[in-house]
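Same chain, two partners: chain A is paired with chain B first, then with chain C.
On to the complex of A and B.
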């Protein structure tokens, strides 16, 4: 996390908008097709670019038939390492905290399947596509390393974005020695690819040294600077517009080679260029969730209390860059144990570099941890929920710090109640439905850190009593535009229909990153502070003006609501914003705000959202077909700005958990390294009929420390807990403990 | 996608002439053909669009009690035809268990019969595939093959036929009507698709220019309507191909099976008719033991072609289940989750 900035918590107003289940503001545009996504832009004189990608995973490009491609009608240019203009930055250098080494045709080296090896630019998409085919690349192929057995092991210096690879408290040996029960088990999670509905897309236009980019992006102002750096121009020269995103999941927060090539083509050819990655090319150059193999060792005493928790993870990364899924860190902050060790090892494979994907580390790590906790509960002869309660962490196990707020006990209690957990048999294979199918119940704890990035916002109150609020935030479907507008309205003491909310463009104040489940907290704080700034200026005007009914109210103070300032001690004394501005002769009044974590709070408290997920599955006893039939999740995540959107986020996370547990896996051919199911027919994500009745309970939680607004995040936590809950339910139904994901029919009938 | 010639003939005769040229392919719903062209797996030089040929879009009851379906009838229309669904409920169930509603609205009867294998190595132009490129080799043999064939495969090819529709049709003795350069002919669907042997590129009996014009179900096929099921095991509840599927049908009189039909999907390069199992059941009492025996017989020749030994056991268990459900009686309407082993689910309507 970057350095933090102070947050002033005075005057926090949460009024009529926050807490309301408003329908998303952009929904109408989206369902009517009026929302313009990046690829919907068609500037004059547009060219189309298609990336040629490698079909081998390791070696060199020996030849490309550039002449054949260029001879195809409509093809304008073929860009290869031989003719591409230099970049201002070496693509093998990482830019900024979220930087990655990228493939921008720097040489003829192939480092993974689907790596860009050329770019064909043409007058039509069809011509560019056929041009790519005509390149008919030939390769010098080298031995591919693609599986756990053949990668190059290494000890990493960091996992994820700069986190330490090993974290340890206590004496592991002593903890294990003291245990009366020990459980050791290994779990494998597969490579998963983000596969947002909207693939990566860009329209790049140059005007001299100014660059306009229409492209979906989760970190608009940060990415603007990174794009500028590759082309040696000031960040202000780049206008990045990202009004709508069709999903991001982390993939659209990071840099990738195809984007640089698209911009480069526009520069070389002096015309706007559009590039949309076909679905198959989403499997390689734009990040993924790396496969892991995790081994857990849990020791428990006779009372079912942990004496030791060791979580060891092998995380896969590419041959040329590091992003290691911080899976073992999932064990650091959840359960009390006198000793906890989280350790990561690296394994280099001939794959594209992994990246952050919804709940990076926590999703894979929670799958293994919650499965292992279930195994340990069984070893102790305890109900899985009772076992977790006995190991409830009153303080953060890793740091010893108190939690800013933790309502996990309430989540357990209300979730269990809603699910009907009580009376569950400890032993497996005890329940059948009326049709004879095996029924099983499982549960898992959910946890996700509550980070904040940094953001800025501007609020401008206008003479007519409406306001313009601006921050370069990103709405990738989670509803940020709506929730942020609700916060902004409350910051200004205005009804939401008086707010014009402008976002999604890099010429606005920096809205930070829509990632890490920290966007609402961060950009929301900035917006609220900007509103507060306007209100303090407005108050100054009113209380110092003899003609205002609020004259002299400075000591008592004023409240702002519904577009009026009210004397705090005398509600009869009030004045509208319009009237204050008019008397002051102002056509508008601007305020600015920043959002970020208070460093003192960050130093003193551990900050997390928590939850509990309960799952019921049915399994055909002979055929091994599994169906999740019921899911209940109870989550405590501070103040909920919009319960409808928060529930949707949590549903989405839990559905992803079903996908992780039962469906999703990229299959790479073991010899060539090519993804063999790189489309949505072969790469299975659940369909509607796979999703059961789901219930999300939002547990009230007041967190006075996390930030002035008390907001945590709900974007990612829904996956955690859910994967383990489903795996545990399958065990409870069948007695089969599946230790690889996704859990398949053959695992159950053979197991 | 390569450049290709597009022809829209006005008559079947014109179509046959146009498609008799080397490199020509018929285009109907396009749900499979166009995908394969886009990914570069196939490169037809000429597409002959048969979607507007007259007279191929009818579902007809025949004088002899059978039914005839035109080759251009859309999958959704057959499945929702009340008379058809009543007479051949397992065919309707199979149709509704396949693809997605959007695809079923586009896909045609003829196209369904002619769809290509979903073997990833067939679809991936960079992989070696004897079916796509005779003599090139088979990358599936040592590749990701947990869903591949366990019956009728060869060293040349271990792919499966992906159709759901064809599985109960083969069980019910459907007949394919074909027009070609030398006039019309009929082929039992069971003999229409070919096992790979040493010529996996020959997927069916059609010669150059031959066009499927219709499909006929014989009169006695509807005699199984009271005891006919299609079951499908898959990795998600819709829009997934079968790991294994089974169409089981019985004609039961009193306590005795008078006739039995069984075909399996997802196990071979063709819908797999299991006649020996049918023979075992004929005259027997319909119970779990005899159905388990029939399953053993049906899979007697099965052997793994890769990481797929589990499919043999799975297929046996599925056959037994399909017969048990068939014996219990065809549901009044197609279940809400067609061909699923799960009967229903809270909040889901009980019928499709």
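On to the complex of A and C.
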């Protein structure tokens, strides 16, 4: 496999940049307002487009008052199924790894609320907005199916992006029969919308059959090809620029209809077009986390060891596509049990197609699993942490393979210590604070797989001893501009201030996908390999040159650091990169590298990051109001390139956990199928005042198998474990077990 | 209809023709004056991404019609630093990693600047959290933001003591 980095069961030695808590290299741009996000672009002659969306969830558009909209001053064009130019590809065909069926005005069908039904293009944003209002659509309305009660059930062939819907080990019946305690419980998780602070946005300009797109994107080179396919042009004709994403969380990795309409409008009108989705339209055509109903059955023996674990999930999707939240798979790799069954069923609703959203499957599955584990611990009369330790999986329960590295015990121990878990009463309702609030403590285990995609990178060492490193990476806030540059610097043996890093544009080597928490590992490996490629060429020059102090040192006999090559046996013999290049008469020296998983190691090992989250909540005994007051998370995720940024990622994930447990939920009107809270006032996410005291512990972990650099990922794991920890703390405070998320006041008071 | 308004934006006075009374202050800044540092996250006064100071007070620029700020003195994120020298709030945001994607950041920083000037939350983390709660952050950078605001408050107070 030439596409992968060579496998070594040992991490490479890294230089002085990796491991440093550097501040963000893009920090200055971001705090001065100079970082350009997609909607900040203003090409000459720009038009503004606003999407008109349906206010029904199922039926047909019967009429649109196109004349009224067109008559409005400033409106240039109204695009509807009647006049839109053909696409090279049927929008109901999926393109590429993250393809979805999209709505690009192919017909007058309405499949969900907030689906695009027309596009108004005008000289100003104000005119386009008013044009949309003037369209005054009329519909033939059909009965809407929007809740668990009225959806259309089906047995899926796959969940998420092609994973099997059922996974089973052992004999479930025998395991349940052998149990001395059995716990069965159902949990409901709601539809959630990504709602990155930056709405989806695009500026599209055509020049002949060349297309330039300014748009936030998590998979730049992959998406370039997908956009090109819809317009029947070669991928190289598309330049996709995405230097900064205002958050992505999965929604900016996938294709959507509004983007295609924006490009189409620019093509039809021969002028650049800017389209920014209003916040309300973030609840519809750009993906969401599908609602689930999960039922868990756990059997335990007299010692509190699992004899069976069954996780059954009903996952919702749209009426026309198939993405299903792989929630039950959260139970496959965490706790030891002689039998584990994870099973998914589908339910079709009149809703936009769900997609991957920060920890897809793991987040909702972990919420249910960690709650159920707490219920089982109680049934066994065991402390929740002790119960988890008794069921510690030494090998991956699903595959039987050893873990590449697993430091969950250390996470439990250090997290519990920092939180002060010892001495927690087993029974609920035992603690009050000085103000009389009920206090509860809960915990949960965190786990996230450590995938890699494919990436390429180029490094060019220049005569002045600086280097240019390039890959089309995506920084949606995780810190790629900084962490990837740190890795690149170490690959080249240069100090970081000697590194110029180009990223975020599709004309660079493919940086892969910023998703699955695998970007730093994948693009980082590519950059590191590109650097070491340069260094081996440079070494070659030096050791074969009689005039070099390194002459004869042999290829394996030098170290590269701080811009010099050193003889390994004699530190006094060294030479700077500049002088090696100068003597060779070179103005620069280029190296290339790839990043990707080594198939042999993937075959032999199960690869996951782990963690433990401890939560304290306070509940008002009369009003049922809950506040998370303290969170401690301890995480082990292989080598940490930048602890400052890794910590921020983990905080972010844990705050998503708070949000999942206590705040966020899309509510749909049963009659019309419309989201009733499609704005940031009604769709709650935590504000500053909701954020507790938080602590993140980074647990040292050397993972010799996951990849040469020993890097896993930290972007998503923080949400897992946290949701359950908070739910369990609420039970501990109140004695009430809430089994739907977010947990509401009425659940606590009535429960 | 043709109107024009006069404004001081980041210290520079401007006369801006407004051909359309529907234009908000936010869209005026972003689309007409091409001061795109101020962000639009909701256009409804619900997220704080568009926070700017108008005559020293923080407001949501998306909720103000441009014509309503005729004669006002407006400070946006672009006007905080003196060349390469960052203002203490900006510097503190970098140091404490008070952002991830950076999209809410201009609003957070302007809101923090307003909060510090209001002088109502001195050194009290709870009150800073409350006073910053109109500025949403989806990335979850809250911990760093609050540390940064508290630190910037201290630095500004020190600066003022030194001047006084």
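Everything below uses one rule, namely that the second predicted complex is superposed on the first by the 737 of 751 C-alpha atoms of A that agree within 3 Å, B and C clash if a C-alpha of one lies under 4 Å from a C-alpha of the other, contacts with A are read in each partner's own complex, and residues count from 1 in each chain.
Please note the rule applied: contacts are C-beta pairs under 8 Å (C-beta built on N, C-alpha and C of every residue); 3 or more make two chains touch, one makes a residue touch a chain.
Note that the coordinates shown come from a computational prediction; the quantities given were computed from them, not determined experimentally.
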Partner chain(s) touched by A:663 [first = chain B, second = chain C, both, neither]: first
Which superposed partner A:247 touches (first chain B, second chain C, both, neither): second
Which of chain B and chain C A:624 touches, first, second, both or neither: first
Which of chain B and chain C A:126 touches, first, second, both or neither: both
Chain B versus chain C as contact partner of A:746, first or second or both or neither: first
Which of chain B and chain C A:478 touches, first, second, both or neither: second
Which of chain B and chain C A:104 touches, first, second, both or neither: neither
Which partner reaches more residues of chain A (counting touched residues only), chain B or chain C: C
Chain B versus chain C as contact partner of A:687, first or second or both or neither: both
Shared contact residues on chain A - chain B and chain C: 126, 130, 681, 685-687, 689
Footprint of chain B on chain A - complex, ascending: 55, 126, 129-130, 133, 280, 435, 437, 618, 620, 622-625, 627, 629-630, 662-663, 667, 669-672, 674, 676-677, 681-682, 684-687, 689-690, 692-693, 744-746, 749-750
Touching residues (chain side chain C, partner chain A) in the complex: 20, 22-23, 27, 30-31, 34-44, 46-47, 49, 76-78, 80-81, 86, 90-91, 93-95, 97, 99-106, 109, 126, 128-130, 132-146
Footprint of chain C on chain A - complex, ascending: 23-24, 26-37, 39-40, 42, 124-127, 130, 195-199, 244-249, 276, 278-279, 475-479, 644-645, 647-649, 651-656, 679-681, 685-689, 691, 694
Chain B residues touching chain A - in the complex, by the definition given at the top: 1-3, 39-40, 118, 120-121, 124, 126-127, 139, 142-144, 146, 233, 235-240, 243, 310, 313-314, 317-318, 320-321, 337, 340-343, 345-348
